[in-house]
Amino acid sequence: MNNQAASMQAVPAEANAPLVEVRELHRVFDLSKRWLNRVLEGSGKVVLTAVDGVDMTIRRGETYALVGESGSGKSTIAKMVVGLLPPTSGTVHINGVDIWGERGARQRQMRRKIQMIFQDPFASLNPRWRVGSIVAEPIKAFGLIADAHDRQARVGELLSLVGLDPLDAGKFPHEFSGGQRQRIAIARALASEPEFIVCDEPTSALDVSVQAQVLNLLRDLQERLGLTYLFISHNLAVVRHMATRVGVLYLGRLVEEAPSRELFSEPKHPYTRMLLDAVPDIGMEGVEREPIAGEIPNPVNPPPGCHFNPRCPHVMEHCRTTVPPLCEVNQANVLCHLYEGGALARPYGI
Amino acid sequence: MSELTEVTAVRPGPGRRFLQSDLFYSFRRSPLTIASAVVSLILVLAALFAPLIAPQNPFDPASISIIDSFYPPAWSSEGQAGFLLGTDDQGRDVLSTILYGMRISLAVGFASVILAMVIGVTLGLIAGYVGGVTDAIIMRIADVQLTFPAILTALLIDGVARAIAGPHAYDQIVFFVLVLAIGLSFWVQYARTVRGSVLVEANKEYVLAARLIGLSPFTIMFRHVLPNVLGPVLVIATINLALAIITEATLSFLGVGVPPTQPSLGTLIRIGNDYLFSGEWWITIFPGITLAILALAVNLLGDWLRDALNPKLR
Amino acid sequence: MNPTLSVKNLRVEIPTRRGVLTAIDDLSFDIAPGEVLGVVGESGAGKSITGSAIIGLLDPPGRIASGEIRLGKERIDNLPPSAMRRIRGNRIGMIFQDPLTSLNPLYRIGEQLTETILTHERMSAKAAWEKAERLLIEVGIPAAGTRLSSYPHQFSGGMRQRVVIALALAADPELVIADEPTTALDVSVQAQIISLLKRLCKDRGTSVMLITHDMGVIAETADRVCVLYAGRLAEIGAVRDVVKHAQHPYSLGLMAAIPSLSGNPDEKLEQIPGSMPRLGAIPEGCAFNPRCTYAFERCRMERPAVYPAGASRASCFLHDLAGGQMPPTETLRRAEADGILLTAPAGEGGR
């Protein structure tokens, strides 16, 4: 592992080189009651496998989107990738450095390159701090600019970069609307000069007209600063607009991964097809559709074999018993028995 | 750069911000709160400046005379004009003893509230933020503490201190013993409240953002979380101030508090209690009324603060 | 035919210490029998307040300051609380975002359903229980007979919302008000609930007022749509017209700002600059004028009424060119190019 990391670093940081590599990522949460209660009530251990063996490669300058419904594990992956939550097993390499294997200065140096934008702009800014201090905090924490005046100037610069007034530095978060707060959060994320930003549902708390502003801003910044995004969302239309590559999660497993265009024009996994069919869309007004039956099973006790088998219209006998293998179809990776043993690109003749 | 210096000039200062705040607005709208604030302020100022306004210094043996003992209040037929609220058994002016007594009561009250707050907030922050076994241990200790009535804890600490220090030295340290006794019996409420708020705050995304840039748990706790959980702490502190004053009075009344040579309100009530049935009612009634007014006013302030800071009751 | 619900010049005020805020300002609309009216707007536009005003559950100190609300022929905005309680549940069914707010966690589903049925209809307890079972079957709950004895927490989110729909329809109301009924649900479940609601109301001829911020849901569910902005009506019309040929600059911008599964993903989204004003800071004239790319002088001085605009109605002076001062020719050309159907020919704009 270390050898590989060392050789990875030797590769010059060119475009399209992998920036983030996630291998065999697992995360298990222990939901059991306390030991004493377990003994007294005779109940066993309860574990939830939130992330079940996820592999991802995010290339420099691209936007990798993770899509999934509740319980799919997308936020858990985000937290493990930025270093907020340790994985149960598996590795996350950024720029060839194992983020969970490093300590001290090297780890700090790497943390500076990773930032995150959160879902709720009302909870992500400390209400007691002025905007200027909020944006300046990462600069201070990483010791990027020692001089207080230069730091203030940099804060003003960052605020203009995200479309706010440098004078806003003196205000408190409650004086701003949701969209403006999200801009402040973006300015804070940019303050440590990161290369990689994880956007966890960055617009799902915003109104549509403001959502467009924030999405456009994120795309602008990506072009200007050469950023790489991991973009997490449950909104497929937003993902289609933002992503270059998309991973679809279902109960902790990556069931399909493909370049954005291919995924939306030619979805392969039955779950992806179902999701795309289910999204209410303004382009589909008046269309009668047959909604897919069933709900997401309890992630504590997922169905054996392929997790999607109880809802799948194409379910086969072995889907209920064996976990499907990863199949390569065109440029997509699909976790489905339908594609086993050869590229059956359109298995059910649509 | 220049525009950033302008920022400070444009923003209203903290004083004006307070005058425009919702807190001040709800204060202005409640006559009862204004009254209790005024009463509290007068009493605190009177206690603070007791040496300047009191007719005599009741602790100075030179200024008191046993001959003046048991004068009733000035307005009764046997009263003396010099002793507005009468005198006690040693000839001390009751008004003066009340003013000086209030000093001690308030000093013990404030000091013990601060002690309880420091202990409670720190333990609550640690319990809430660190969690796990640390949390379990701190909160179980709090649970045990809670099963003892505050007065019992205070009596226990007082008794231990008395046994260790001996009667003479005890008089010297009695103030600190009282503060410790009352402070230790009130910290649980702070710890529980702070822990609860920390559990809510620590999951908010601004704390995640702070963790992301590698800040230490200590920095996050005190710089990010603490300012956001102080509201409820302030409310408890105010209400506890009234409780602490009453607890001190109770201890002194029971004879385990400050000695009669340096009487607090509670001590005064106890001394006067001996004479209540022989007709010298003023010695105990006036300190009693003062204590009741002080505790009530502070308590009303605390109630208002609780309601004003609670968005659900607005 | 008489409308099921008719709202006329509704004005809702919220007195605060900094003055009286107008949350809803001069709002009028009708819902025909069997029609689904979608009410869209951003947070703070007043969509939920409109719903609360209709069912008489405005959060104090909010109050209806003027205007009238009629359910059928009866005026319901000035009824005493006891009379309003009888109307809620009986004549107006309600579905909220969080199904748990409409269900009492301490009672079995069957008890809650029969209670509602019995307040509405005289029948035996047994008959009511049977009707409750039929309702559960209708909303697609498997093993309805045994599920009647379950408590709300024993249902999944989607199933709970189905129970709420059953509850809302239990008394055969004339109108159902659904406030963000699918927002808390997962995408795959959302579609099921929408189609269920649509089908049931169609079968019974129940009118629906569907409040949501999701244009996609409106586009697939509603017959007509009413777009609110800062507590005022921006545009009202048939869904097809508003989605494809919006006539108010705000709804036009809104439709273009929504990322879609059709459309070209490489193009930037259209964006409306700024954000909706807070209630205390609504600008003079048209509330939308500071963000509007077609705004001209009249928009800053005067408040537009609601004018016929193409197949819909919109509160925008571009649709009242005969009634006053003209905008610059360039603005008219641009508006026309963007699909706004002007009342006067654009060529006359220069005068």
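Per-chain residue numbering starts at 1, and chain names A, B and C are given in the order in which the chains are listed.
We take it that contacts are C-beta pairs under 8 Å (C-beta built on N, C-alpha and C of every residue); 3 or more make two chains touch, one makes a residue touch a chain.
Being a predicted model, the structure only gives us computed values, none of them experimental.
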- Note on the structure: Sorted by label, the chains bordering both subunit B and subunit C are A
- Greatest separation from subunit A - chain, by CA centre: B
- Could you quickly compare A-C and A-B and let me know which has more C-beta contacts? A-C
- Using mean CA coordinates as chain centres, what's the subunit A-subunit B distance in Å? 51
- Task: For subunit A and subunit C, let me know how many angstrom lie between their CA-based centres, rounded off.
- Result: 33
- Task: Give every residue of subunit A touching subunit B within the complex, in rising order.
- Result: 82-84, 107-108, 111-112, 114-116, 118-120, 123-128, 132, 137-138, 141-142, 149, 152-153, 155-156, 166-167, 169-171, 185, 188, 192
- Query: Where on subunit B is subunit A touching in the complex?
  - Reply: 1, 3-4, 6-8, 10-11, 204-206, 208-215, 224, 227-228
- Item | Sites on subunit C touched by subunit A in the complex | 42-43, 156-159, 186-192, 194-195, 213-217, 219-221, 239-240, 243-244, 253-255, 257-263, 265, 268-273, 275-276
- Item | subunit A residues within the subunit C interface of the complex | 69-70, 177-180, 207-213, 215-216, 219, 234-238, 240-241, 260-261, 264, 274-289, 291-293, 295-296
